[in-house]
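Heads up, there are several structures right after this.
In the two complexes below, chain A is the common chain; its partner is chain B in one and chain C in the other.
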Partner chain A sequence: MSRVRLFDLARPSRQHLMGYILLAPAVLLVGLIIVYPLIISIDLSLQAVKLPRIGAPRAPFTTANYERLFASSEFWMACWVTLKLVVVVTAGSLITGVSTALLVNNRFRGRTLARLAMALPWAVPEVIAVVIFAWIFDSSFGLMSWLLVKLGLSNGMVAWVSTPGAAFWAVAITMIWKGFPFVSIMTLAGLQSIPTDFYNAAKVDGANVFQRFRWITLPLLMPVLGVTLVLVILWVFRDFSIIKVLTEGGPLKSTQTLSIMTYDQAFGFFNFGYASAVGVVTLVICVVASLLMLGRQTRAMY
Partner chain B sequence: MNRTPLQSLALYGTVILLAALILFPVYWLLVTAISTSAELSQLPPSFWPDDAQWSTFAKVWEERPIPLWLLNSMLAAIGSVALSMVVSVLAGYALSRFSIRGGHSLGLFILTAKMLPATLLVIPLFSIFRNFGMIGSLWTLVLAHSTLIIPFTTWMLKGYFDTIPRELEQAAMVDGCSPMGAMVRVVLPVATPGLAATSLYAFVLSWADYAYARTFLVNAPGSWTANLGITTMRGEYTTDWNEISAAAVFVAVPIIVIYLFLERYLVGGLTAGAEK
Partner chain C sequence: MTTTFGRFVRTATAAALLSATMLSPALADTTLKFVSWQVDDAGTGDWWKAAIAAFEEANPGVKVEFTKVERAAYADTMTTLFAGGQPPHIVHLASFEFQSFAENGWMENLGPWLDKDGIDMTGWAGQGKCMWNGETACIMMNYFGFIMAYNKALLEQEGLSVPTTYAEFLEVARKTTKDFNGDGITDQYGTGHETKGGAGQYLTEMLSYILDAGAYWTDADGNVTIDTPQMVEGLTRWKTIVKEGLTPIDLSAGDIRKLFADGKIALRLDGPWLYGIMQNGAAAADTVVAEPAFTPPVGGSSNVLGMASEIPDGEKALVWDFIKLVMSPEWQRKYATIGKNTPPSPVADVSGVEQDVPHFPLLIKTMMAASDAGVDRIPTGLEIQYNEFGKMVQEEVQRMLIQDLDPAEVVKVMQERAEAIKNGG
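So, the complex of A and B:
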């Protein structure tokens, strides 16, 4: 009898027990496939190892990987490329995303269709987006070069993937096309949660369309935009497939971000220890940056 | 809302122009797929082929292992979505309904797991899978994709459960349902649209993966997923752009169809909480 009572989850005092039981599978799985691997990474980054076996005796503790990292010009170059890409892609995605959202937030016939069309790139897998843009940026018969020549902006076909500056823009444009619909979807959700009463009241007070945008839409959209901004930045920081498939981080490492450097050190050169150090530094930058930004965003909410 | 004809014209003009610009790359993929190789190697490019080669789709489907790649992607997605959904439905419900010690920090941890770069996690996962002789097997993707999916689904589902009134379960329990029964028989059926939208979203996450598939499966062509297979169609010197484009259409279509269903929920789901 008492056994049955012990597991009687309906009793208020047993409510917590049920909560723990429901959480247990998630804790186990997350522990197994996220926390444990993460601990291994950090441990690997503190050993001078190439391609270690798990269970083999641990190599001696060393900070050599980090020392080598901060002394290497390749690492600082990767930081610079990542920063440039974050700034360009975030700015491009925010501007395109917010303006398309404002546009389709108007009431008009065919609005549903317009919304579907404008957010469609969200649904195109990154590798497929790269297939599309790799052809548009083809150096012999690509559309983009032809267009630039036609517009008089270029003298001849541009060797996109073998010219450092051009390769950066090819990556950035592909990422903006793929990334702006997320901003658009989030902004649209934010816009729809603004009560129309606010606008009506402002109209009664004689506010024009720009004043309404500046003093109602923008402030009320800020919390959503803040979170969206952080998510887009994190996406650019960690993206692998677009850069890897489009340029492989080249030419001359001009599109090699920290993510690409981590991967190539691990699976190109089999420097697991060194690669883990690059990855851990990337993670620390991501966490610190988003804490700083979300901290600012919470203050902006009040 | 009343507009002057001029305002309407400006609105429609802008919408159509922007939509055309955004959709152009997708249109270009289709045009490339049905162009002949000769037409693709000439300038100026033709914006609609003189002689549309719809047969390229059939050719690619038969000559390349596209059905196998799609099947592998499907299996990896179904496996990882099933595993992640079971775990995150339970966790999302617990986070929504119980104030458990440590529950909040666990929730926060799951949230920060979104920040983990896949390029960092892939290193230890590779070592672990190699230890168990799993490299080359689709099971690696079931586990690895779950690391991408669980942080999203747990929080999406917590959000959906928060919108379902607690009175529903309380009424069921007064009528003699156990707490577990109240969840399974009362809350889950009500949350079905949310569960469906979340599963589809998770499916998209798994389908889009390239990093894990490339790392674990690159030497096992029988296990290649669609994304991985497609990248192997790019030659070092020359690429048959019409064939790779046709293959890309096959890979993109399932996700675009899902998106057409999901779009309503993406916007609707996010706003539901805000309006309450």
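So, the complex of A and C:
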């Protein structure tokens, strides 16, 4: 009888145990699929290991991978490309996403269809989207070059994938196309939570459409936009398939981000220790960026 | 007592039945995992499937699980399988990637297995490439020579004959590259090379021009030999082909082969596998294979077969039986008749194969020409760093094309970087 009472989770003093028990499966799962590989990765980054093996004896501790990484011009180039891509894609996605959300938030005929069209790129699997864009940006037979030639904007086909500047923009445009619907959907949800009374009061006070956007919409959207911004930045940081399929990081490393560099070092050159070091540094950058963004951007202005 | 005895008999009978019906099949049935990128390849894939069927028939209860992994994801998948302790039993790898697996001790030394069965590998094409750290890490499955395919209708329209030298090749490529409506978009190309994708393939595409100019990446002792006048000439030729727009750019090898097969490209240098694609193309009636216009032809080792070192001994014996089967003269002949490819075995009887594969003597001729010239796509001394080396060469060549650099300057940079890679820098 006393044993039964010992596990009586309904007792007020033991109610917290019930919470822990319910949380345990999720915590264990997270530990298994996130924390364990992370520990393995950090451990590998501190060993001079080419091809790792689960259960193999650990190689001696070394910081050589990090020393080589920070002395490598390739790493700093990858950081610069990643930063450029983060800025361009985030800004592009944000502007396009907020604009389309504002558009489909209005009442007009065909609004449902417009909302569907807006969300469509998000629903298309990334690899399929990239294959479509690979054909659009094909240097010999692609639609984009054909359009430029027919419109008289180019004398010949543009070598999208084998010119550093064009390759960067081909990647950025594809990423913006794939990323803006997420911003739109989040913004639309935020817009619908803004009470119409605010706009009515502003109209009575004589505020025009731009003033209403500047002083009502934007400040009240900031919590949503802040979180969205962080998620978009993290997506650009870790995205791999778009660049891999379109340009493989080239030409001349002009589209080689940190995630592509990690992949190449691990599976191209079989330098798993060094690749893990790139991965760990990328993680640190992502965590710092997230903390900074969440701290500043998620607060509403009012 | 009787009751106890009867219970014992019943229990024992039930246990025996259980063993017979459940345990025995579990012990008898063995599945060998075999991962390959060639599963759906016309010819070679058919040959693998036929060999597997013959092996399964000869070994009742043994199944070979033949799974396709795309070539683009192959190294990643194999690395993950080995690193996770779940390697395939039968290991199929490209001849430029097995070295890292062998270096890590993941490939069984096949030397003792060959000795046990008294198999003499003398004269087996490309087998020397399978020796790693003094051990036989694999069996070479394909050693080939490039052929040159051309579209006779496109050549005849321009009154051109089949090129036999680089100069003639260039002339044909120039005259058959056409922008029919003058809109600035090329509609038909003189030749076709893959310039997008893996560095290894990029190097192979360039190699015809480099070898014909008398250059190569390393010498027989593994010394880097890039900074030479011959290499300058080779790079100049490649630059001419790409900069003059005689080849479509940024397309994969599959796209290029399809364009050739459909009559959009006049000349294509490729391996024996091109023939199967040509046969299914829209221009099948016009496409013909011939001896390459380059001497020596590109050639060399393609893919290897091996055994994972960590599988149980019983399964190793089965894997070895499978490897022995595909190495047998009978199946090496079928590699020609079914696979439409050149078998590496020196004792395979390939007489009469030309009745099924009309261009087979040409395949043998180019393979022998490449072999006699000691050509291989993987440079001696840079085997284990091949991917890194390939990436470096691809990058420097792209820099030459984009920035219009002098090949004489490019070879100096490539020489320096190749030496650094070789020395672990």
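By our rule, the second predicted complex is superposed on the first by the 297 of 302 C-alpha atoms of A that agree within 3 Å, B and C clash if a C-alpha of one lies under 4 Å from a C-alpha of the other, contacts with A are read in each partner's own complex, and residues count from 1 in each chain.
In this section, a contact is a pair of C-beta atoms (placed from the backbone, for glycine too) under 8 Å apart; a residue touches a chain by one contact, two chains touch by 3 or more.
This is a predicted model, so every value here is computed, not measured.
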item: Superposed partners chain B and chain C on chain A - clash or fit; value: clash
item: Touched partner set for A:Phe267, first chain B, second chain C, both or neither; value: both
item: First, second, both or neither for A:Val124, with chain B first and chain C second; value: first
item: Chain B versus chain C as contact partner of A:Ile185, first or second or both or neither; value: first
item: Residue contacts with chain A in the superposition, chain B compared against chain C; value: B
item: Partner chain in contact with A:Trp146 - chain B first, chain C second, else both or neither; value: both
item: Touched partner set for A:Leu83, first chain B, second chain C, both or neither; value: neither
item: Partner chain in contact with A:Gly55 - chain B first, chain C second, else both or neither; value: both
item: Which superposed partner A:Trp160 touches (first chain B, second chain C, both, neither); value: second
item: Partner chain(s) touched by A:Leu116 [first = chain B, second = chain C, both, neither]; value: first
item: Clash-bearing segment of chain C relative to chain B, given 24-32, 78-86, 312-320 or 366-374; value: 78-86
item: Chain B/chain C common contact set on chain A; value: 52-55, 138, 140-141, 146, 150, 266-267
item: Parts of chain A lying in touch with chain B, wherever the complex brings them together; value: 9-10, 15-16, 18-20, 22-23, 25-27, 29-30, 33-34, 36-38, 40-41, 44, 52-55, 100, 103-104, 106-108, 110, 114-129, 131-136, 138, 140-141, 143, 146, 150, 177, 185-186, 188-190, 192-193, 234, 237-238, 240-241, 244-245, 258-260, 262-263, 266-267, 272, 275-276, 279-280, 282-283, 286-287, 290
item: Contacting residues of chain A [partner chain C, same complex]; value: 50-55, 138-141, 145-146, 149-150, 154-157, 159-164, 248, 250-253, 264, 266-270
item: Chain A contact footprint on chain B (complex, rising order); value: 1, 8, 11-12, 14-15, 18-19, 22-23, 25-26, 28-29, 32, 40-45, 83, 86-88, 90-91, 93-95, 97-98, 100-101, 103, 106, 109-110, 112-128, 130-131, 143-144, 146-147, 150, 154, 173, 178-180, 204, 207-208, 210-211, 214-215, 227, 230-231, 234, 241, 244-245, 248, 251-252, 255-256, 258-260, 263, 266-267, 270-271, 274-275
item: Chain C to chain A touching residues, read off their complex; value: 75-76, 79, 82-85, 100-101, 103-104, 106, 183-186, 195-197, 248-251, 385, 387-388, 391, 394-395, 398-399, 401-402
